[in-house]
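Residue numbering begins at 1 within each chain, and the chains themselves are lettered A, B, C, D, E and F in the order written.
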C-alpha cells in the first residue's frame, strides 16, 4: 500500500503519542474513535499544541456541523469541489469519503473529486459550486453579479455567508495540508464505496 | 446513484444497440465483455462509425498495450496524472481503476487522481510525471532540459517517445470526453478498491 | 471620501448595533476600542453569530498574537503579501496598516501591498515570502524542495508550521472578505503613514 | 536558413533512411512525394515503428480527409487555431500552409497562426474557433452551453463530434511535436504564399 | 525607512548628477522641482540619454496631460489599475499618489492600488477599468464586444482610443520599471494621505 | 483575400486621407512610401492627431533605429517574440516581415512568430528572448536573477536597458493594436518570403 509515509513532512514538529496528550484531548480523541472509527490525521497533527488544535476544531465544528441553510452534504460537496481546484490529497480523501457517506452515492463523491461539472445536479447546487470554483480560483474577480447568481438560484444572503465561509475555510485547510504534505488516514479510501 | 445520465451529450449522434453493430464490432465488444466485464463507454460512443472506432482503438492498443520500456502501470499512471490536470471525469474514472487494478494498490490510484506529488514514488517515475504535468499544462515551454531530466532519471530516448506519446494521447482523449460530456461505465467506480 | 458603502454586501445578514450584542461581546469590543481605537469591521461583521465570532477571533488571536518563531511583524508581512496576490482590499488595508505600525516603516507596508519583490529584505524573510507567494498561487505544486528552501534560509520545522498556517489563514480570510465585499474601517488608511 | 537542425531531438530514436523501410511504407511515402512533393517529417519520425506510423496516419486520414460536415479547410483552420494556443512550431508551419493552400488566401493562414479573432469570418466559423480555443485552454470548464453555442451557430451534433475530435487530435499532435522538438519540412514555409 | 536602495538596478547605466545634464534637461528638471517638489526618478533614470528622455516625456505628456474626453483623474485611475494587475511598485506608488491628489480622496487611491472592484464607481468608470483589466491581462482575447461595452457605458470611439492608449502605455512603463527594479521617490508615499 | 476590413475598428476616429494631412506629415509619409513601399497602417491610424503621431514615431525610431548594443535584427526578434505571447496580429505581421527581411532568413521570421524556443539560436540571443518572454508574461516575478542571466550570457547593463525597453514598447503597441483591432498593410504578408 502506497500511502502512509508519515502524518506530515515536518519531522521536528512531532505527532504526540495518545498517552502524551492531556486529558481533554484524550477524551476528544476517544469520541473521534467512537464516532468516526479513527482520529483524523489533521487532528493528530494539530495536537502538539492545544490552542491550535482547539482553534481549528472549533472553527471546523461550527462551520461543518453547526446550524446552516446548507445541508451537511452540501457543505462537504463544497469542501471537495474546492479541494479539487487546489488538488489537495488530504482533503479530497477525507471529504470525498464524507460525500460518499452522507449521500449514500459513491459516484457523487467521485464527481466532486474529479470535476463537479460532470455531475447532474439541481441548479441551486450547481450555482453553489460555480461560486465555490470562482472564489477559489480568481477571488480578485468576485463581484455583486456572483452573489446575485446565488440569490437567483434560491440561496439567501445568510446562505451566501455560509457558502463563502466554507469555500474560504477549505482554501485555508487545503493550503495547510499541502504546505506540510499532510497524509490522510488510510481508512478513508475504502469508506462508503 | 448519481451518474449515468447518458453515454454522451450529443443526442443526434446515437449510440447504436449491440445488435445493430456489424459482425466485427460485435466480436470486438464480446472480447471486451469477456476481458473487462463490460464494453467501455468510449468504445460504445465511437461505434456509430467503424472507421473512427478502429482508428481510436488501434492507437489506444498500440500505445497502452504494445511493447514499451514503460510498464503498463506506468502508462496508466501517466493517463491519470494527465487527466487530473485536465479534470476529465471519464478518464480519471476509467484509468484510475486501471491503476488500482494493475498495482494492487488502491491508494496509488487515488494519488494519481488527486495529486501525484503526494505519492512516494521512485525518482524515475516522479520525473516521468513531472514531464507529463508540464507537457500537459505549458507545452509551449518544453525544452531540451525537460528531455534531459528524463534521461538523467534513467529513461532512454525511446522511452521519452513513449512517455510523450502517452501524455499527448490523453490530452486528446480528455478533451474529446469533456467536449461531449462522455460518462464512464458505472462499474469502474467500485473496481479494485 | 469614497469608501464606506457598507460593512459588507449581504443586506440580510445585518450588522448588529453595539447595544444589541451580548455582554461578553460588548466587553470584547470595548477592549478593541481601547487598544485599536476601533472595532475592526470584520469583527462587527461576524458579531451576528457568537459562535462564528469566537471561532474566528480565537484562531486569529492564536495565530497572529500567540507564541511563535515568527515576529508579529513577520506574520503581518505574510498577511499582506498573501492579500496582494489575492488582491483583497479589506486585508491589504487592515494589515498594511499593521505592517506600517509594527515596523515604524510606512514604505515597508506599501512594499508588501504592492510587490514584496521590490523590498530589500534579509534572505530569511525573502524566502518566507517566496514560500507564501507559491503556496497562495499554486498550492498544488508545493513540494519538499519548498520546505527545504525555508530550512536553508534558517527557519525551523516549527516555524514552517507557523508560516504555512499564516499563509493559509489569509487565503481563507481574503476569500471571505472578497466573497461578501467586506469593507475595512476608514481609519486604517491614515494610520502610521 | 535557420531551421533543419534535425527531424526531432531524440537522437536514439533514429529516422530510418527510405531504403530501410518496408515495402508498404516505401509505397506510402512515394504517394506522399507525388501528392505533397515531400514526405512530411512527422511521418518520417513515426516510420521507425510500423504500428505507430499506421495508427497515427489512419487516425489522421480519417479525421482530416474523411466524410464530415466540416470542409477540409475548416478542419485545417481548427488545426492551426489550436496549434496557435499551444504555440507548436511544427503544426503551425504544416497546417498554416494547408490553410493557405486550401483557401487560396495566404492571409487567412496568417490569421489562424497569429490570432483567429482578427479574422473576419462567418459567425458559424467563428463559433467553431471559439469552441476550439476554450476546449484547448480550459477543457475542465466545458459545459452544455458551449455545445449549445455551436448548435445555435448552425452546427449539428454530428458536426460537434468532428469539431471536438479535430481540436482534441491537435492537442495530441502539438504536444507530441513539442515534447520531442519535431521540426517541419522546410518546404512548407514558402508554399502558397 | 526601507526603500531607496537605488534609482534602478543597472549599475553600469549611471544616473547623471544634475550638474552633468545639458541645459535643456536642467531647465526641465527645475520645472519638475517647482511643480512636483521633486524630479521623478523615472526621469532621472532616463536622463543618461537625451533622446530617450525626450521620447518618454513627450509621450507621457501628450497622453496624461493633453486634450482628452477622459479627465486627468480617470487617466491616473487607469494607470493605477493597470499597475495593480502587473504589481509594479514604482507606478503604483507614483500614480497612486496622483489619484489621491487629483481626487482629494485618499481612499480612492488605495482602492485603485488594491482592487478597483471594491470601489463604488459610476458605471462609466467601472466599464473603463474592466476594459483596462482585460486588455492588460488577456490582450489576445479582446474583441468587438469589449469596445461595445465601453460605447454602451457612454464612451465615444475617440475616448476608447485614449483609454486604450493609456492602458497600453502603463503596460509598457510597468514592465520597464520592473525589468530594471526602478524605485520611486520616497516623497510619494506620504503625499495626499 | 481575407484581411483589409479596415485600418482599425473605431469608426468615429477616421483615418485622414493623405491630402488632408499637414505638410510635415505628408513629407514623412512620402519618405515611408519611398523607403518601405507603403505607409504602415499604424502611422495612418495615428495621423488624425499630430502630437500622438509624433510621440509614437519618435519613440519607435529612437528604440528600433537608434544606437544600441542590440542589432536591428535582435530588436525585431524581440518585437516578434513579445507579440507572439500577446498574439497581436498587427505586430506579428509587420515585425515578422522585418525579421525575414533583416535576416534574409524567412524561417527565422516564422520561428519568432510561432515559438522562439524551436529556433536554434546563440545562447546570448536565447537568453534575451527568455527574458522577453518572462517580462511579458509575468512582469511581477522579475528579479535580480533575471538580469544576472542576461549578464551571464554576455549582455551589458546598457544592453539590458535596451532589451527591457524593447520588450516594454511592444507590450504597449501590441495592446494598442489589439484594443482597436488594428489591421496591418496587406503587403507585409508576402515580403521576404
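We adopt the following convention: a residue touches a chain if its C-beta (ideal position, glycine included) is under 8 Å from a C-beta of that chain, and two chains touch if they have at least 3 such contacts.
Here the structure is a predicted model, which is why all the values come from computation and not from measurement.
A.B. asks: Identify the chains in contact with subunit A as well as subunit C, in label order.
C.D. replies: Expected: B, E.
A.B. asks: Trace the shortest sequence of touching chains from subunit A to subunit F and report its length in steps.
C.D. replies: 2
A.B. asks: Relative to subunit F, which chain's C-alpha centre is the most remote?
C.D. replies: With centres defined by C-alpha atoms, farthest from subunit F sits A.
A.B. asks: Which one of the chains is farthest from subunit B, going by Cα centres?
C.D. replies: Using the mean of the C-alpha atoms as each chain's centre, the farthest one from subunit B is E.
A.B. asks: How many angstrom lie between the centres of subunit B and subunit C, each centre taken as the mean Cα position?
C.D. replies: 43
A.B. asks: Centroid of subunit D to centroid of subunit F, CA atoms only: how many Å?
C.D. replies: Centre-to-centre distance between subunit D and subunit F: 28 Å.
A.B. asks: As a quick test, compute the distance in whole Å between the mean CA positions of subunit C and subunit D.
C.D. replies: 50
A.B. asks: If I count partner chains per residue in subunit E, which residues reach a count of at least 2?
C.D. replies: 87-88, 115, 140, 142-143, 178, 181
A.B. asks: Pull out all the chain pairs that touch, please.
C.D. replies: Result for touching pairs of chains: A-B, A-C, A-D, A-E, B-C, B-D, B-F, C-E, C-F, D-E, D-F, E-F.
A.B. asks: In their shared complex, at which residues does subunit F touch subunit D?
C.D. replies: Per the touch definition, subunit F meets subunit D at residues 1-3, 5, 84, 87-90, 92-93, 103, 105-108, 110-111, 113-115, 118-120, 178, 181, 183, 186, 189-190, 193.
A.B. asks: Please give the residue numbers of subunit B that touch subunit F in the complex, ascending.
C.D. replies: 140-143
A.B. asks: Which of the residues in subunit E come into contact with subunit F in the complex?
C.D. replies: Going by the criterion above, the answer is residues 9-13, 51-52, 54-56, 58-59, 62-63, 66, 86-88, 131, 135-136, 139-140, 142-144, 147, 156-158, 160-161, 163-165, 167-169, 171-176, 178-181.
A.B. asks: Going by the contact rule at the top, pick out the subunit B residues touching subunit C in the complex.
C.D. replies: Touch list, subunit B to subunit C: 115, 117.
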